[in-house]
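First chain written, first letter: the chains are A, B, C, D and E, and each begins at residue 1.
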Amino acid sequence: MKIKEMLENIKKEFPYIGTEIQEEKQARIYVCNDKFLNILTYLRNEKFEHLANIFAIDWIDEKEFEINYNLWSYEYLVSIIVKVRIPRDKAKIPTALNIWDHAQIYEREVHEFFGIEFIGNPDLSPLFLHNWKDLPPMRKDFDTEAFSRKAFDVGEREGEK
Amino acid sequence: MITFGTIVILGILISLIIWLFFRENKVISWILFILYTGFSFVLLLRLYGQWQYYEAFKSIIYLGNIKIKFTLQNNMLGWIFAILIFGISFFNGLFSLGFSKSKYSKNIVPLWTLILSASILILFAKDFILFFVGWEYLTWPVFFIVNQGKKKFYSDSMYYFALNVLGGMALMLGIWLVFKNTQTLDIKTSISILLSHKASIHTFWLLIPFFIAFLVKSAAYPFHVWAPRAHSSAPADFSPFISGIMIKFGIFGILLFIYPLLSKGFIPGTYHGVPTTAYFLSWLGIITSIVATVLAFSENNMKRLMAYSSVANVGYILTAIFLTTPLGIEGGIFHTINHMIFKVIIFITLAAVYFRTGTADMSKLGGIAYKMPITFMTFLIGIIAAAGIFPMNGFTSKWIIFQAILEKHFYLMAVAMFFASTGAFLYLYRALHSIFLGQIKPEHRDSVKEVPFLMQIPMWIGMILIISIGVFPGLVLKPLIPFFNSIGLPAKYILTSLSKLPGSFGQLNTLNAAIIFGFAAVLVTILFFVVAKHHKKPFMDNYTAGEDPKDWGVDENRYQFAYGFYQPFEKKFLPFFKRSVDMFWQYFGFYTKHLGEWFNNIFKDDNNFGYIAIIGIVIIFIFGGFVL
Amino acid sequence: MIDRFTELKKIAQKDGHVLYNIFFGPNHPGMNGNFGYVLDMVGSQVVDVRLNAGQLHRGFEKLMEKRLWVQNFSLIPRVCVVDPDPNEVAYATTAEKLADIDIPKRAKYIRTITLEMSRMTSLLMGMGSVGGATGLYTIMYWMLSDRDYLLDMFEWLTGGRVYHIFNLIGGVRRDFPEGWIDKILELMDYFENKLKEYDHLLYNNPIIVKRLEGLAPITGDEAKKWGVTGPNLRATGVRSDIRIDYPYAAYNEVEVNIPIQEDAKGDALARAIQVRLEFEESINIIRKAIKQLPEGPVRVKIGNPLKLRIPKGEAYTKIESSKGEFGYYIVSDGGIKPYRVSVRGPSLPVGLFLCKRDLPKIRIEDVALWMNTYSICAPDFDR
Amino acid sequence: MIFLILLKAFLITLWVVFIGLLFLGIGRKITARIQKRYGPPFYQQFIDVIKLLAKESIWHHWIMILGAIMALGGLIATALHVPIAGILPYDSNGPIFLVLYLSAIGYLGMAMGVSASGNPNAPLGIGRALTLMLGYEIPFAAVLIIFMGLTKSSYFLQIAQSQAGGILHWNFIRYPLAFIGAEIAVQAMMAEKPFDQMIAPAEIASGPLVEWPGKFLGLGMIQMGVSVFIETAIITNLFLGPSHNILDFTLKQFGIYFIALCINAVMPRFKIENAAIYLWTIPLGLGLLQMLITFVL
Amino acid sequence: MLDKIQKDREKRQSAWEAVINYFRKRSLYMLHYCTGCGAIELPPIMTSRWDMERFGIAPMATPRQADILLVTGYASQKTIKRLIYTYEQMPNPKWVLGFGSCTINGGIYWDSYNVINKLDRYIPIDLFISGCMPRPQSILSAMKKLQEMIGKGEAKGYERYKQNYEWYKKNQRKLLERETPFLDGGEK
């Protein structure tokens, strides 16, 4: 099956999505918030069983987060990236835990670095960062250089005997 | 002065007095107990050497047309047992005096006193009737002590009950058979009559009931199942008695009646100069010790674990005795005595731990040594003795047993014995670690402290005894010489020097070895304290792979490995050992249960009449059965 | 095994005293990196595992947004220390896709060869660590010293032993030096001979086989479901390799024979043997690539790299590294710096999620072995 | 008299510790050579021990110290009962049972000391060590009992002297099965691979030694050396004939240790229950077979 | 008189120190702890090509037994916490070796939000090795240098830590036990 047909099939099923073909084996699907789980389920049942990862992009100018589900089909050898956008100030999205078990750990990671909440994921506790009090670091409005200067520059070696 | 009669009558009297008047007053009843044991001990001490001494009581009981004369005859073996029993009970009483203040089971003192007086009957009886009476007197009170009148100990004590009733009945049957065959109830006479018989089917049937009776009492395979259960449910300060003394009555019985008859055993002939029956029975001893050792690996209850250890030691003793060589008997009896001492000491320390913590589950303990150093040291010395490591007394008797086995060229048996003996390290270390070492639980950190001095007395005495017998085995072996002469064994290997261990394959100078050991210890100690400094750190400041345990909610409870010590090993081998015997006795127990329920109902409603009534009924029943 | 485990868990729930913790890492000799598991144990059986990651987190994805397109080449090899080249190639390929740059054929071949060499260094470490985890240190010492020959070749070619920073947007930094190719062919022969020795010592060792056989098995379907990729997936018998399925560099021209074991059980033994087979295949690929090596330039001109702008767009490249699928998703807003770089590391689903399924079924002595047969690499999930 | 014994004991102790540490050092060198390395100098172990003894130590409770002292003291006392080319501090002839059980006090002391440090890795390692002990003691006992039965004595010296009269009378030629069995058992006794589960670093962070710093570790190293000495000396006495002088004896000891090292270098470690089963099949089987051949046939 | 005795004792002590220092430098146990990517160059040093063991340097499993702590590369906030914990568990005398540029000034992670910049503000470093990552040769020469320093009694990082304990603790606390965000507006 060619990737074009595939996308057309998906589009027949879910008419409200946007599609884009990157190269002959890669495609992107843009979807509005509330329906994306159906598409993921559909794709999983259509042999896109490998979830390579989940990552987020912070479109700060558009005040939106984009959650990406990176899928791969072992049968068609095609990579599809499902892109979901959610507003930045209400960063909540249902979890994909029921579709892929290991989505749990990816969601935990995204939650830690972007502050996006995955509704239904039982364990979103911090894993990578130590005692983090600032903004989630991967957000565009977090200034890592300023943080570094403030936190790690202890100044001159004063007070030392 | 009538020694035995005094002790027996005094015991029954004191038991009655305590039961009637001082039942609620723990201090007075224990003091009476201590006075009684001490007094009896002194009385018995005076009897050393007077082996012809006897006490006869007139009686009105006729058996058929024979008038029965009850006679208590002083004898070497009985005397040694009696001395040890009363001595140990004396110190145990001292311990219990301190112990009982908080955890006291009401009827233990009168019943215990009764047991002690009964033991005199067993040890010095000249005829089977008194022996049997004493035997039953011993069995029943122990049941009530073990049960403590509590529902939760019901099933455990039922094992004891069922098996020991079985043993008692077997004994009765055996006595009846002996009487049928020999027309006499005198033990010595019947033995000599039986020996003059040709090996016949009679003797064959004769021995089996006695075997069952004695093996049940000494908790040998396959009757070992009651021991761990009875130990775990008995009051903590009574467990030393069960392990140290009670199971030794089985050994005593075997020495008294089975041993002389072994050449007439049910398998004729000899093997390497050992009666074939005896040869197989010494393998039974080996099996006992191996099974008990393996079962002990996975035990989590400290009293049960040590009970299995007792069973294993009984195995060694049986093996040694059934070799029927002077060295074997010597080793067997020596090990019996040593085991009495070190196992009592071990159980006393366990009772001390129980006294302070209130639990016998090893996984709930840990680090007790840091709060109870004396108890720990006693326990350590006890388990070193139990493992048979050199400067302690356990080594000396094990040495003789090994020599005895080798003397007979039973090489495979020696290898099997090595298994059990090495296995002892496994469970003993497990007890040492789980109870005394490792992380101390937060709940024990402040509440646990060393036991009062009164309770330490037996520990100190025990430590001194264990080490001194270990270094000078002659302390015990020398007084035994008359005994060996008396049972007609050539005293070939019995030595005169205090510090020499006899052996067929070689002797050992324990004093020199101890000097070398002391030298090495001193040398290393000096080396340790001469070199660099050391600093003390708290227990949770530990290797945690760089993690701060607090971050992960790991406290002392969560940093103590105490359960499933030999898990991989257990998983592979334990099913093999556990299934068969236990299953059998479970069915057995199931059918005895109904009987037990009936008894339980009697003393459940706190009506103490039940206790005495049952004992009385049983005794009447037994006598009645005989008279008819 | 599972019954035993549930039974133990029941015991642990009933009596909390039997449960204790062992800190497995970060400072643990069985740990191959700076991360850790906190194991809940009953006896010597693991019953639960808590994760302890993040010690190696450096914020790469954030830092890449702050650096120029070219500067990032110094950062990305550090994502996976033992196998650095796939990162460079993945990043470069993605950027080239976005900028629509077609790199010269020779550069593609050079990338293929360095990728395979990098894979070989990593596989050698993976094979050796199986020895290390079981106490067979000799094999580890031998393999690590053999690995140094490859590092020397890298040094000759790129100037760096571990981090090569050899790829650029538009090709590779330089052509093979004179004599390099002869030397690498010689080295391949050396390794081929060495493999027999490794087999003798490691893979034919009955104790190793006994210890690895049946340890933490996983079926192909399960592996797909749990996100396992690369050699670990192939060890279950699934014929899947990005080098063939989604070719990059010169893999569409160089023939790759994916080694698949017959009746692969997906247990630790299968995984360990898979590593060895892949190593052999890498030798073959390098030989073939050198045979087919075309002449020509090694990179295209891209102008001043400090002012390099990549057109707006986004793309994903996945690369078969020695541990599985390494992927780079790059978003460009047309500036001199990437807008967002997302890294997909192969160890993350295994090391942080599959452990919850596998570790509670095995005993403490197999934890290190489990980790090493999955060749978990801590920096690639911490990033 | 007693001073003479003590003086002799002291000198033998020095010799035992010296040879033990030297063996460990040479062992490191040999292992390094098998691993294609240059290796540390042969006297490295002495430097290590001196450094460790001079290093600050951390302890959690006095039981740890008691354990350390018991461990080394017990083993030194054991070593003083093993005849070294016939030399013993007093005329004990080297009683076998005493040696077996005295060495146990060393292991018990070690176990107690590490338990008192409160680290769960330590008892995990000890649990394995004891399981392994159950494994190797049985075949070893079987072999010992063969020779005890043959010489009708439970002394090492008698067994060693019974082999007098040329190499053909040495036990390892006359009783090869027993020799192989004992070699495997001794491999386990020395905790060389494939039987080093108790100190497996990759599994339980070097097990018992996990909380032993500074001088504890120094004493532990001396203890390791002494135990290597004892075990090689036992095998030498049992199998390698009577020795005429100390040098002869030490060379034979080294031969035994060398074999152990070579096996150690190319073996991974067993799982503990597999190790026990292995020890109960191959070496015990060999021992029993030898027993059968010797006494029955 | 008293002064003389004091002096004599010091003299003897320093002579003793000198002897012990010789043994210390010839026998260094390093902690088996790969804190960062520099650890990848440690295996080659231990194996046949460079073979560290010939200088008496051997890896050890736990901090209790170790003499040198190698900080092999960058230290993230989580790592630095564990490093400090581990360092404090090591018995004296102990030394720390800082690997690579990252330990000196943060290296290429100078602006990372999770990697500390100056390691010697948190634990005392006896010797830095520059480079990213340092080559085996430079690590070996650093080891030799450290041995020289130990032999001369110069490497006294652990004493510095004791003397400036408050200062180090203050720095550590500022980093690890923060209760407020470093930057403004950092709620979440």
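Convention: contacts are C-beta pairs under 8 Å (C-beta built on N, C-alpha and C of every residue); 3 or more make two chains touch, one makes a residue touch a chain.
This structure is a prediction, so every number in the text was calculated from the model and none was measured.
Novice: In contact with subunit B and with subunit D at once: which chains are those? Just list them.
Specialist: C, E
Novice: Which chains contact both subunit A and subunit C?
Specialist: Both-contact set = E.
Novice: Within the chain touch network, how many edges lie on the shortest path between subunit A and subunit B?
Specialist: 2
Novice: On a CA-centroid basis, which chain has its centre farthest from subunit D's?
Specialist: Looking at centroid distances, A is the chain farthest away.
Novice: What chain is most central when centres are computed from CA atoms?
Specialist: So the chain sitting closest to the middle is D.
Novice: With chain centres set to the mean of the C-alpha atoms, which chain is at the far end from subunit E?
Specialist: The chain farthest from subunit E, judged by C-alpha centres, is B.
Novice: Centre to centre, by mean C-alpha position, how many angstrom separate subunit B and subunit E?
Specialist: 59
Novice: Let me have the rounded angstrom distance from the C-alpha centre of subunit B over to the C-alpha centre of subunit C, please.
Specialist: 63
Novice: Per the centroid of Cα atoms for each chain, what is the distance between subunit C and subunit E, given in Å?
Specialist: 30
Novice: Mind checking the centre-to-centre distance between subunit C and subunit D? Centres are C-alpha means, answer in whole Å.
Specialist: Each chain's C-alpha centroid was found; their separation is 43 Å.
Novice: For subunit A, which residues are shared contacts with two or more other chains?
Specialist: Correct list: 129-130, 137, 142, 144-145.
Novice: Can you list every residue of subunit D that touches 2 or more other chains, as numbers and ranges?
Specialist: In subunit D, residues 35-37, 54-58, 120-121, 124, 127, 201, 205-206, 210-211, 214, 271-272 touch at least two other chains, as defined above.
Novice: Which residues belonging to subunit B are in contact with no fewer than two other chains?
Specialist: Each of 535, 543, 545-547, 559-562, 565, 568, 571 in subunit B touches at least two other chains.
Novice: Which chains are in touch, pair by pair?
Specialist: Contacting pairs: A-C, A-E, B-C, B-D, B-E, C-D, C-E, D-E.
Novice: So in the complex, which bits of subunit B are touching subunit C?
Specialist: So the residues of subunit B in touch with subunit C come to 361, 363-364, 544-547, 549, 552, 554, 557-565, 567-568, 571.
Novice: Which residues, counting only subunit E, touch subunit A once they are in their complex?
Specialist: It is residues 76-78, 81, 106, 110-118, 121, 163-164, 166-167, 170-171, 174-183, 185-188 of subunit E that touch subunit A.
Novice: Show me the residue ranges of subunit D that touch subunit E in the complex, using the header's touch definition.
Specialist: Listed in rising order, the residues of subunit D that touch subunit E are 28, 32, 35-41, 44, 47-48, 50-52, 54-58, 201, 205-206, 209-214, 217.
Novice: Tell me, which parts of subunit E touch subunit D in their complex?
Specialist: 20, 23-24, 26-27, 32, 47-48, 51, 53-56, 58, 60-62, 64-65, 67, 91-93
Novice: Note which residues of subunit D are touching subunit C in the complex, please.
Specialist: Going by the criterion above, the answer is residues 34-37, 120-121, 124, 127, 193-194, 196-197, 200-206, 265-272, 274.
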